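Letters A, B, C, D and E mark the chains in the order given here, with residues in each chain numbered from 1 onward.
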Amino acid sequence: MMERLFFGAVATVLIFSALMAVGTRNLVRAVLWLGLTLATTSMFYIMLHAPFLATLQLILYTGGVLSLMLFGVMLTRRSTEQHGVEVHNESNGQRRALPIVAVAVGLIVTAVGRTDLSTATPAAVSPETREIGQRILGTHLLAFEVLSVLLLAAMVGAIVIARRKDASLEGKDDPRDRAAALPGSRLSSERET
Amino acid sequence: MGLESYVLIAGFLFCVGLYGILTRRNAIGVLVSVELLVNAANINLAAFAHFGRGLDGQVFVLFTTALTVAEVVVGLALVILLFRRRKDILLDLANGLKG
Amino acid sequence: MSEHILSVIVASPFLAALLIMLVPGDRHGPIRVLGFVGSVISLLGAIYVALHYDQARGGMQFGVVYPFIPRFGIDIRLAADGWSVALLLLTGIIMTAGSLASATLTNRPKEFYILLLVLVAGVFGVFVCQDLFIFFLFYEIAVLPMYLLIGIWGSKGKVAAAGPFKAVWRDLDVGGKEYAAMKLTLMLLVGSAAILVGMFAIYFAAGGKSFDMIALAKTHFPRDMQLWVFPMLWLGFGSLAGVFPFHTWSPDGHAAAPTAVSMLHAGVLMKLGAFGVMRVGMIILPEGAAAWAPVVGAVAALNVIYGAVSAMSQKDLKYVIAYSSVSHMGVVMLGAATLDTDGWNGAVYQMFAHGIMTGLFFALVGLIYERAHSRWVPSMGGFAKVMPGVAAFFTLAGLSSLGMPGSAGFVAEFLVFAGAWKSGNILWAIPAMIGAWVTAVYVLRATKMIFWGDGPSHEFHDLHDAKRVEWGALWILGTCIVLFGCAPRLVLDFIGTATGEYLPAIAKAAASIAPVALEIVK
Amino acid sequence: MSADLQPLMLDALLTGGLLLLLIADLFIKDEGKAVLADLTALLFGGLFAASFFLDTSGTAFSGAYVGGAWPLFFKRLFFGAGLLTALASRGFVAERFPRRQGEFYLLLGACVLGMSLLPGAQNLILLLVAFELMGLPLSLMAAYAKTEDAKGQDRDGAEGGLKLYVVGAASTGITVFGLSLVFGMTGSLEFTGLAAAPSSPLLTLGMFLTLAGMSFKIGAVPFHMWVPDTYQAAPTPFVAFLSSAPKAAGFAALAAVFLRGFGGAAEAWVPAVLTVTTLTLVVGNLMAIPQSNVKRLLAFSGVAHIGYMLIALAIGDAEATGVLLFYLAGYTVTNIGAFLVVNAVGGRDADVEIPLFNGLSRRSPGLAACLLIFLLSLAGIPFVVGFWAKLYVFLEAWRAGLWWLTLLGALLAVVGLWYYLQIAYAAYIRAPADDRTQPVRLDPRTRLAVAVCLIAVVGMGAWPAPFITNALDAAAVFLK
Amino acid sequence: MTLVTWALLALFVPLGVAAFIGLVVPLRRTGRPAALISVAGALVSLASAGMVLAGGSAALKPGVHATVGWLTAGTATAVGVHLDGTSAWMLLVVTLVATCVQIYSLGYLHDEPPPALGRYFTYQSLFLFAMNTLVLAPNLLQAFLGWELVGLVSYLLIGFYFRKPSAAKAAVKAFWVTKFADLGFLIGLVTLYAQTGGFEWTAVTPAATFVTLMLFFAVMGKSAQFPLHIWLPDAMEGPTPVSALLHAATMVAAGVFLIVRAEPLFEQAALTRDVMAYVGAFTALFAACVAVVQSDIKKVLAYSTCSQLGYMVAALGAGDTFAGYFHLSTHAFFKALLFLGAGSLIHAVHSNELKDMGGLFRKMPFSGTVFVVGALALAGVPPLAGFFSKDLILEAMHHHGLHVPLAALAIAAFLTAFYMTRTVMLALFGTPSHAAEHAHEPGIDMKLPLAVLALLAVGAGFLGGPLAGLTGHDYAFHFTPVGGAGTAIGLVGIGMGYFMFGPAQGGAAIKRGFAPVGAFIRYGLMDRLATVAYGIMLAVGAIIAWIDRYVIDGLMNWSGWILLVLGRRLRALQTGNVQDYVYAVALAVVVFGAWGILR
């Protein structure tokens, strides 16, 4: 009974915070609401005997993703000033999004209802974190390594994309001057002729 | 609590995220919503892992989490780029390409 | 020599095209000579084949097989039967005349000749190819260059959109050369798609081992399959043969096309369609052919009279001739539908005769257009005074088209009518004959309006008769019309040899099957 | 361990090469960075060549990765695409973002690495990670344009990249959620384990969510809408890459999940795939008709091609899969070639409208001929590879009883010809504009890339037998 | 040389000449030399025909047959020559008249430009070949070839003055009408072929009635039977010698010859013969009526030709082949004579109109005389040629109990005599017109043919016996009441004509009374109907052409346009807003999910 109540409370918070995250008009608050959602999720993890995941969730998401997002919000803040409105996270198209989402909810409810999940019983013993590590370094070692490449590529790419300006070379006004300075760039030098 | 409760909650969360993607005008708002989608999947995975489907579920959660981080990084970079180009990040205003 | 002669015929235009590619584009002389030589070699090859074809033995001769994709049973099999001989001759003649007729072309002749030669190589290939798949490939090669040939060197007719659909028609640029080229290509490709489907249905029904047409012709296919595959082939090939209602590319296409292309297209290319219906559809699927023959014949009869009546009210000269082609191709299809010796002989002979006749027509129209800068018949008149030679040849072509004895057209039409009557299809023959009479009406009307009467008016100040090589084209074709009209057996014997071989199987099938309507009811 | 790495030799070499590239980037001055393109090209070329000598069969990482003919076919495809892209990008990249060249090639390499790991992956995690490794760099490269662009060039790069990203991110979310359900219903992340599970609504839901999420990458309708926008905005040499190799990778992923994993539950997903196929064919072809921007036109035409390939996927047996591989190979070389020509002709213009091609045959006859052949191949005209590809697909469809798709496909192929010919018409028939009468200048590397594509298109068209045999052999793993 | 060789010579020499002067352009353009070559060819042909006939009836009676396979090996579709009395005689008639006409043309067309003259003689030679092809035909197939070819040459010769719109119009009209009738020939031919596998003259088939009806339809066109006669009067646009040869003596008689030839077929078809009798008789009467009111001398003769052809057809309908054939021969001579004579007059006054003539007899006694001889022969005055053959026809009608046609023919005989007298009176006597003041006789080249033909017009009637022997019929002239009545009627007609148009200029009341009738006849009802039919045809053509462009072709255009519009509409979905794109994804996900779960 207690468990059920607790679950209900967590679930309510989870869904409510999620709704707020997609509903609130202040972007900073939305990100914060997302943080609450993610944090609440870690409660679920604990209930599901996955403490490692819960920890990861709190650190990586709340610590990493959330701050990244807030960063993003700050960096793009100027827009709100230009638009002259403080609230800058309006929604639109709710009228057409709602039916779809409603149907999706219905579908999930139906699917869950029609699928016999009651036979599934919780595992007797909670797995140890070490086992997870073994898996990662075993079967999923390749995926893990690929993941590292992915993260590297994402970082490099993100930096190069988001960098304000190519300092010296692209600081010049006329791209043709640049091009002329580049012996390797035949394309541009030929065009001038 | 039964497995179906978790799956249902995850489903709801997924739908909320979907709603967010469809409605948020702000690109970062959309990123937030995408997080909800992945989070919903994660809850599912953790629940299934707990309910006898094996540890791989939890491993999967690890990977998705990492992927999400990478995704957010890239997403934010793109948003910033968009902001540089257009001085705003409202998605419905970024419709120069169409037809 | 003998076993490779067909390869020589097919390859020589290709080679000429390749050589032309090496010539700088501004050196028109060598390009023309190369184009002409390429065509003449093919013509000589065709004559060689005609001389060395053993009629007593009959059947496929000069056979040669080059393996291509053995895994799917696709080989390049070349061989000629009596039909091939006739049509090789036709193609050689038309191409030779066509290359002469386009000697005055100055706009990018290099590309023009390359495309023209590639096209003609495809045509030769179709006529001698005995592998269904390669047959189809050659068919496509023959059809596709048409797009550029019309698009680049074409001209715009005076067909203004009018009436309630003006806006739509203008939206599509109806009447323009781009429109014509596009329509032609697309319609023919829709046809190709149907052919493709039919082709593979045949291939798989025969066990999926080989595309060898001779072997396929000996295979017996299930009746149900024949019943639905034949119409695919009929309409597929028929779209090129101008079968109603898929003929509509033809007037616009021919009208927009440059002279040599019109000549080749109406003269040879449309025959590919009819040839395909007979060679692939009827011979390989005799029961399907027999069951569908009434429909094919009825549509063909409609074609004849419909084309003729449409031609009557055209005011653009090229449209007149183009619709006349539609009408005459109806005669070919009618002959094919008779499934009768005379009908089939007539059908193939009509391919031959109409090829030469319409080749001459388009050559003349080209000459007139070049000098008059107009194709608008009502504005012309009295041209015979300044271009008597053109007038004479135009009359000759007209006489052949209306089936005047002494011209090749008569032999063909007569055989077809006789075949239709013999096979008991009087209801096809009568409209077709009336169509032939309507031909007389519009051809002579056009002749009268263009060449006879007072004139020419001041608008046409630089008219003059044909010149130098143009005479060559006219004389070649004109001579052929008379020669093959007076001595039809020169070609007809070849055709008869092949017909005699193919027809018994079809007759047997025809005896065993009811017309398609009844079959479907069953 | 060495035996364990054998199937991953090429990928390991690629990773190593990428790291070297990264290091080299640090030591090369800005003025000389263009050489990185050549290094990348060398890397891909070497890998492509090596793929013919190295034995990459076997199993690695406890069965997480299985080598053999199937992944090898894809690897060659990806390396080839990478090679062509690197060759053709050099001039463009060096001109437009001279200081950020190294990163571009790094991203390209990372993307190829992700793709090359996809076909051999045996479980969902590796598949997903590789899929993302392919996907994220694509978004980045699509947006790889100058941030401040006074001339208005690449003005929409960010928008195009972001669109790819947003749809991609949503699709990833959907995929992951779908996979979570699949995992829940099957209890397995291995493809071999997926087949065993009993059917249930949640599994079906998961399956469809996965299908939808993955269809985004190949650009099947209705998940295709990012395609034209991104193609239009992104750097053209990159679009050549984006339009070809990732599609192949997407098909590899779909084949892995649906043919290998859910092959037994075909009756559940095949109707959905057929629906998507039909939609893709129709919408792709129809929407290409009114396009006046060549890149958009080719984008929609690419969508249409995906439809043809989906036919083969829906049939799903070894032979059809082989045909799919052949189609992918032919499509890749043709499409890359076409986009490279578009790049050359479009030059600096932000929007490559059809009139830019006017009179191309007079300006640069050779280039025009190449373009024509690529277009004909895309349209499926005999003697070029596109013809055989379409033909095989139609044959397979016919054999599998999908005759209506054969008919629809054939008819739409005609529509396809209609819009392809619009470009050919401009190139061959219209006169060039007064200010564009000079020949189009190509840098030698682009010329080489176009030549390679041309040879491949014509070669595979003239002599398809060895290629289709190779493709059928590669697909033999799907023999039931 | 054998008979066949002579016949081939008669056949192919004109063809050779036509090809030679036709294709050797410089020669043709010199005019007169080409003309002389052509005349020489005609003479050779005539001589050959004479040699054939000289071969004698003994050789000709069984018939000489020499053929070669044309469409196929074997005799079914053969071409060649078939010589018997009928064809040998016809060959002679044709070559004789043709030679006369060609010689005459030398003078008549003296003023034409040389190229035109060359062209004219090319056509003339070609005509001789074509006509001989028809005459010598061993079967119906070759007959058809010749039949069509003479039609072609007729077209070319009518259109000789092609710069003149009326001539151009007349030429195509002649071709269209006869070609339309030829559909009957074609149908008859293919029916015969389908029934018997060949084209033999002597074929026996149950379909004979149908075949002969169809053949007769063609004859109606070629031999200008009502209502397909409409082309013949217009055909007078051609040069007068052409009218004499083609449209009086030979080509239009080809229809009659065909029926004579195909006698075995027609014998099997009683119905066809009845139809022929009535159509022929009606045409004879009708055309005679029309001839009365013509003001153009050539038109008079043209309608007279119609009328006389009606006589022949009626005789053949009565089953008396010889009567028809005999009349054909005599008519060929005197009608050619009349036309050539008229040609002389026209040549002299440069007008066809009777009102431009008058009193010419005094200026041109020779031409006048031969014209009068021809007129008398036509009117059936004994013992001129027309008398014998017309007598035979009337008697045959009587003999076979065809009284209504007989009555019609009798009235026609009266009218014939009447209108010929009128013509003679108006043209040769009476008040001379201004033009006629300066008329003078033509040269010897024109006189010579006239003399020859005049002799034949006078004497050909006595050839009936030998001709009958040659063709295997019994004939001996004997006076009968019917014949006598016919002659009497003719004489009355002459008298009437002289009364009304001679010096007396009597019968003004009759002229007034018949004025409305004349006006009606001149209205040319059939011509107008034909014009209306032509108009309808063009209108139908225009409608079909419209349908073709906007409906049939429209099918293609519309579908293309619909695709285009659909494509444009679909573009609207591609809004550029990425959330719409995601929306599409979500929609698809939901739809597929629903499908998967609720299935």
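Methods note: a residue touches a chain if its C-beta (ideal position, glycine included) is under 8 Å from a C-beta of that chain, and two chains touch if they have at least 3 such contacts.
The structure presented is a predicted model; accordingly, all values stated were derived computationally and were not measured.
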Contact-graph distance - origin chain C, target chain E: 1
When you average C-alpha coordinates per chain, which one falls nearest the overall C-alpha average? Tell me, please. C
If you tally contacting C-beta pairs, which comes out ahead, C-D or D-E? Let me know. D-E
Return the distance between the CA-based centres of chain B and chain C, expressed in whole Å. 64
Euclidean distance of C-alpha centroids - chain A vs chain B, Å: 5
Just give me the whole-number Å value for how far the CA centre of chain A lies from that of chain D. 27
I'd like to verify one number: the distance from the centre of chain B to the centre of chain E, where each centre is the average of its C-alpha atoms, in whole angstrom. 96
Touching at least two other chains at once: which residues of chain A meet that condition? 93, 96-97, 100, 104, 107-108, 110-112, 114-115, 117, 140, 143, 147, 150, 154, 157-158, 161, 164
Residues of chain E whose C-beta touches two or more other chains: 560, 564, 571, 574, 576, 578-579, 582-583, 586-587, 589, 593, 597
In chain D, which residues are in touch with two or more of the other chains? 125, 129, 132, 136, 140, 143, 147-148, 161-163, 166, 170, 174, 201-202, 204-205, 228-229, 418
Output every touching chain pair, sorted by label. A-B, A-D, A-E, B-D, B-E, C-D, C-E, D-E
Mind pulling up the chain E residues that touch chain C in the complex? 69-73, 115, 144-146, 148-149, 152, 155, 159, 162-165, 168-169, 171-172, 175-176, 179-180, 183, 186-187, 189-191, 193-194, 537-538, 540-542, 544-546, 548-550, 552-558, 560-561, 564
For a test of understanding, state which residues of chain A touch chain E in their complex under the given definition. 93, 96-97, 100, 103-104, 107, 110-111, 114
Okay, in this complex, where on chain D does chain B touch? 124-125, 128-129, 132, 136, 139-140, 143, 147-149, 155-163, 165-166, 169-170, 172-174, 176-177, 179-181, 183-184, 187-189, 202, 228-229, 232-233, 291, 296
Per the touch rule above, chain A residues touching chain D in the complex are 107-108, 110-112, 114-117, 138-143, 146-147, 149-150, 152-154, 156-158, 160-161, 163-170, 173, 175, 178-179, 181-188, 190-191
Which residues of chain D touch chain E once you look at their complex with the stated criterion? 162-163, 166-167, 170-171, 174, 201, 204-205, 207-209, 211-212, 216, 222-223, 225-226, 228-229, 268, 271-272, 275-276, 283, 286-290, 415, 418
